[in-house]
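Next up: the structures, one after another.
The same chain A turns up in both complexes below, where it pairs with chain B and then with chain C.
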Partner chain A sequence: MVDYKLLVPQFLLAGLAFGLLALDLVLPPARRRYIAYLGALGLVGIVLSTISLRGQEAALYGGLFLIDNYALFFQGLFLVMGAVILLAAEDHVRKFLGHAGEYYGLVVVAVLAMTVMTSAGELLTAYIALELLSFTFYVLSAYATRDLRSNEAGVKYILLGAFSSALLLYGISLIYGATGTTYFRGIAGAVGGTLSPGLLLGLVLLIAGFAFKAAAVPFHMWAPDVYEGAPLPTTAYLSVAAKAAVFGLLLRLFSQGLLPAIEVWRWVIVALAAASITVGNLVAIPQTNIKRLLAYSSIGQAGYLLVGLAALSPQAVSGVLVHLAGYAATNLLAFTAVIAYYNETGHEQIEDFAGAAERAPYLALLLTIAMFSLAGLPFFAGFTTKFYLFTAAAQEGLLWLVGLAAAMSVVSLYYYLMVIKQMYIHPSRHSPRLRPGFVLTGVLGVLAFAVVAIGVYPGPLVRFIETASKGLFS
Partner chain B sequence: MIPVSAYLAVSALLFSIGMYGVLARRNAVLILMSIELMLNAVNINLVAFSRYLAPGEFTGLVFAVFVITVAAAEVGLALAIIIRLYRNRATVNVDEIDLLKW
Partner chain C sequence: MLSVLVLVPVLVAGLLVALPSGRLRALRSLALGAGIVELALALYVFLSYDSNLGGYQLVERYRWLDSLGVSFHLGVDGVSAPLVLLNGIVLFTGVIISWHMKPRPKDFFILFFTLASGVFGTFVALDLFFLFFFYELAVLPMYLLIGVWGSSSDFGTFIRTKEYGALKLTLVLVAGSVLVWVGLLAMYVEAGVGSFDLLDLEAAGMSVGVQRFLFPFFMLGFGVLAGLWPFHTWSPDGHVAAPTAVSMVHAGVLMKLGAYGLLRVGISLLPEGAHAWAPVLIVLGTVNVVYGAMSAMAQKDLKYVVGYSSVSHMGYVLMGLATLTVVGMDGAVLQMFSHGIMTALFFALVGIVYERAHVRDITVFEGLAKRMGLTSAFFVVAGLTSLGLPGLSGFVAEFLVFVGVFQTYPVLGVLAIIGAAITAVYILRLLGKVFFGPLNPKWEKLPDATPREGFAAAVLVATIVFVGVNPGFLMRAIDSGVQALATRL
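After this line comes the complex of A and B, so read on.
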């Protein structure tokens, strides 16, 4: 008998998503902004039901769906991210996009998909959740129907996304053929130190498919184009939430299913990590569009997260989770500031940020905080979480990779500083002051507080995450 | 009885043809059809493994049914997005879709 109490957050999420879609039909256009506020309120309410489940351990539907602290940590993270995106997107959707209720509804569907992804204990469940997530993002990327760049982003994303799904599925079918099961724990029982050729090929295709979804080099080609072409709130959501969900799934799959074969696949992940860190950070330097710059920066960040996946000790998993939380707060802060700037000016080139410090001192300051945190300067989330992650990876003997990651973090400071230089040193070509709405201002303030709080006092977060990642290995 | 390797060979061939199509075709709709070939290769694999490895269980068959369903939804969504592009640009050639530099 399934204990439905444990699935309350998922039921509420599905209800909320359809409720928001229905509200779009009922409310007159002038009132549609309240759909976003209501959605954010609903998501924060569902966080309470997630919190009430903490400490629970259960395998529902014969192990298809797992509830543990690990899944609940991600659930909380995704719900908060969804609420932030709804509030950050409202102004942008009203000014530049149509069909507000559908946009907000899809954002909530994506949250549902991600919570299922990190709870999946079996490959079919994981695949369905991954596809649900991808489908919502295909639609959200192509959402500006009259914008040619958004059309193009949508086509490129869905073609390459479907291609990567096919690779992933072929890998899954070979793994099923070699092990006779699709359960993560069952796979762990069937693999050993050496793998049969079929299983090896399956594993390589599986990793390639997931590397596409996580935008790791050399499977990253879609990311800069989609990030640049998609509407800004979609890009923000894609860069933090989709990445966190893929890593949430990967960590569970690798630690519960593929840990016995770690010596076989570790070097593949190490190669992906090294390539992502190097290419992401170096190609970011010549970029002129802020979305594209942040796209390459997020490819570099995926590389840092892969370092933790390659290490795969309980400590390293905690490192990845801590870094994901810090990165989510930081990147959402950066994107929300860019959204606020874009809503007022309609520009997204880095040179258009010239003089932002005079026109919008608050936005410029918060974007600076976000850039410093992304680069990993002390007192901000980026430093603390990277330090924690790299220490854990170094303990597993990945010293040269950690050295490369640290060196490339220094390189990344260069292109983040270029943005700050535009805002503070170059004179403005336009003079009027910008006044972002008070909802956006409030969201920015909360995110900036989170970035500094995680940077200065990460203790409580780290303690909870450590219990979560220990449960993954028991 | 036909050995399982025969099914795997057909599936691998179909997958390779699909992959060639994705990489070589320049028409977005044909790329989509090539992806469908790859997904059908997956289905052949799943059904063959299910039949030969565990005849009493349905894991592979259920998986194949879900793959078919998801693939149908994917095609619907992809065609909708491609039609939107076609209305604005009057082309579905992926080489001409180059506003965003690679």
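After this line comes the complex of A and C, so read on.
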């Protein structure tokens, strides 16, 4: 018997998504902004029902769908992210995109897909959830219908995304062929210290498919183009939420399903991590467009997260989760600031940020905080979360990889400083002061607070995450 | 008490963010108030340190992240107490010197106080996570402080822009801190006590092989910030480009963070490694002294002379530490204090001259003493401290370092004394050229330091003289700290 109480957040999410779509039909255009506010309110409300479930352990539908603190942590994270995206997107959608109701509805559908991904205890459930997520993002990427770049992004994403989904599915079928199960726990029982050739091939295809979704080098080619072409709120959402969901799924799959064979696959993840960290950070240097810069920087960040996946101890998993939370707050802060700037100016080249400190001191300060946090400087989330993650990885014998990651964060500091240099040192080429809207300002303030809070007082968050990741290994 | 010392500047920075940017008077009162409070707290910390008791005092400890073994653990010993005082003094004078900071004074003070928090925090942290946290926090504001408020240097054939100096300083220092970071993580894993606490790690002990392997990470990582040759080039470029108050704090105090880290983390936690690498460190330190002095002699820009002289003087600190003897390390720590005050004074005075003349080229100045009596007198004191005149703080410090070096590496001692002689040459030549002789009519109208600037410089001069005639004031504390450290060697 399935205990439907545990699925209340998912039901509410589905209801909310369709509710927002329906609202679009009845509200006059002038009032459509309330759809976003209502959606955000709904998502925050659903967070409450997620919180009420904490501490619950259950396997629904015979183990297809798992509820535990790990899943609930991600559920909460995605709900908050979704709310932030809705509020950050509203102004942008109204000014540049149109079809507001569908946009907000799809954002909520994506939240639903991600909560299922991180709750999945079996490969096909995970695959279906991942496809649902991918399809919403294909649409959200191509949303600026009159913008050629956006169309190109959508086409590129859907073609390469379909290809990677095929890889993934083929990998799943091989694994099923070799082990006779698609349940994570079942796979763990079937694999030993060595893998049969079929299982090995399946695993390699699986890793390649997920690496594509997480934009890890060398499967990252799509990311900069899609990030640049997609509307700004979509890029923001893609860079944090999609990445977090893929890692949420990967961590569960690897710790519950593939831990016995860790010596076989670890080097693959290590290689992906090293390549992502190096390429992502080095190629970010010559970028002139802020979205592309953040795209490459997020490839580098995916590399840091892969370091934690390669270590795969309970503490390393906590490290990945802590870093994901910090990264999400930081990157959303960066993107929301960029959205606010773009809404007022229509520019997104890095050199267009010249003189931002004079024109919009608050925005410039917050974007600077985000840049410092991404570079891993203290007082901000990036420093603390990276320190935690790298300590955990060093304990598993990956010190050299941590050394590489730390060295590359110096490189990353260079290109983040170039953005800061434009804002603070270069004189402005346009004069008028910018006044971002009330809602955007509020969202920015909340995100900045989160970035600082995680940076200086991570205790409560870390303690919850540690119980969540311990549960994964029991 | 220590947590207040560390947190007040960053809270002030937070308050300043909220302050409307037009409120200049409120801004200055807040900055000055914070400067006074910090000076008083630093003085209190130093005076309440009991040398007879030794060990870590004024200890505070709050839980922070148990699973990682990190706690907010603060305390001072005989080594850090004088350095806290140093930072209090330099910070206070720095605020006074930057009274008329333009443009965007608010942003300047926000970053300046962030820097101050970082420096205080590094000196008093007894947990390596927080030591590193504050160490990085001290580097964070530098890029903007130099890039926005700094000045570029024109060498005729090429220009060293402030952006260049800012970027070089930031990236080199962060690169150094990466070495420290990797070293810290390796130490954490090797010690196997699951704690970043300094005291736990002291107690844990590590095998000789591990210590020898890890020591270079700290020697080079912290050494970069201490201006260790050949990683010193960020220092002249960065300090010359920086605005006056930032040069004061950075050359005066921040470079000491490097030497302090080397002593606190490198030598104290990895004594075997220190013994193995001391010969390398002392040779590099000697190169610092001689090479820095010779480079200073070749400079035409007043600020570059001071910049390279810092590199040279930090060499004494490194040499003193590398002797691993009590007397040598005593001298090194006293030299940190003495050089900090002296360099702050130098940069303050160069700033005063530059603000009025808008050039720093030594060759264009002549006989400034006739117009800028006060500035010149202070400059002479700073110069004489620099070349080690008895009765001023530099003499005691360098003397102790020399004693330590002659006990261990006499040949290098001779070289270091030659370095001191070169210092005398370039300092006296500079004083003679810029301040004495007939007045160049071009500088007929140059006004002297204002009472405000004079006061700031006088505070520094008074400290130099006081420590020079009464070194025991600091030495009792320093010696108690170094003695405790030396028992681990």
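What we mean here is this: the second predicted complex is superposed on the first by the 474 of 474 C-alpha atoms of A that agree within 3 Å, B and C clash if a C-alpha of one lies under 4 Å from a C-alpha of the other, contacts with A are read in each partner's own complex, and residues count from 1 in each chain.
The rule is simple: a contact is a pair of C-beta atoms (placed from the backbone, for glycine too) under 8 Å apart; a residue touches a chain by one contact, two chains touch by 3 or more.
Here the structure is a predicted model, which means the values were calculated and not measured.
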Message = Quick check for you: in the superposed arrangement, does A:Glu466 touch first (chain B), second (chain C), both or neither?
response = second
Request  = Please work out whether A:Ala394 is in contact with chain B alone, chain C alone, both, or neither, and reply first, second, both or neither.
outcome  = second
Ask   = Between chain B (first) and chain C (second), which does A:Ala142 come into contact with in this model arrangement: first, second, both, or neither?
value = first
Message = Contact-wise, after the overlay, does A:Arg252 reach chain B, chain C, both or neither (first, second, both, neither)?
response = neither
Inquiry  = Touch test for A:His220: chain B only (first), chain C only (second), both, or neither?
reply    = neither
Inquiry  = Between chain B and chain C, whom does A:Gly403 touch in the aligned arrangement: first, second, both, or neither?
reply    = second
Ask   = Does chain B (first) or chain C (second) touch A:Gly177, or do both, or does neither?
value = first
Query = Across the two complexes, what residues of chain A are contacted by chain B and by chain C?
reply = none
Residues of chain A defined as touching chain C within the complex = 315, 318, 357, 361, 365, 372, 377-379, 383, 387-388, 390-391, 394-395, 399, 402-403, 406-407, 409-410, 413-414, 417, 420-421, 424-425, 458-459, 462-463, 466
Query = For chain C, which residues are in contact with chain A within the complex?
reply = 10, 17, 21, 63-65, 67-68, 104, 107, 114, 129, 132-134, 136-137, 139-140, 143-144, 147-148, 163, 167, 170-171, 174-175, 178, 181-182, 185-186, 188-189
Ask   = Which of the residues in chain A end up touching chain B in this complex?
value = 124, 127-128, 131, 135, 138-139, 142, 145-146, 148-149, 151-156, 158-159, 162-163, 165-167, 169-170, 172-174, 176-177, 180-182, 221, 224-225, 228-229
Chain A contact footprint on chain B (complex, rising order) = 8, 15, 18, 22, 28, 31-32, 35, 38-39, 41-42, 45-46, 48-49, 53-54, 59-60, 62-63, 66-67, 70, 73-74, 77-78, 81-82, 84-85, 88-89, 94, 97, 99-102
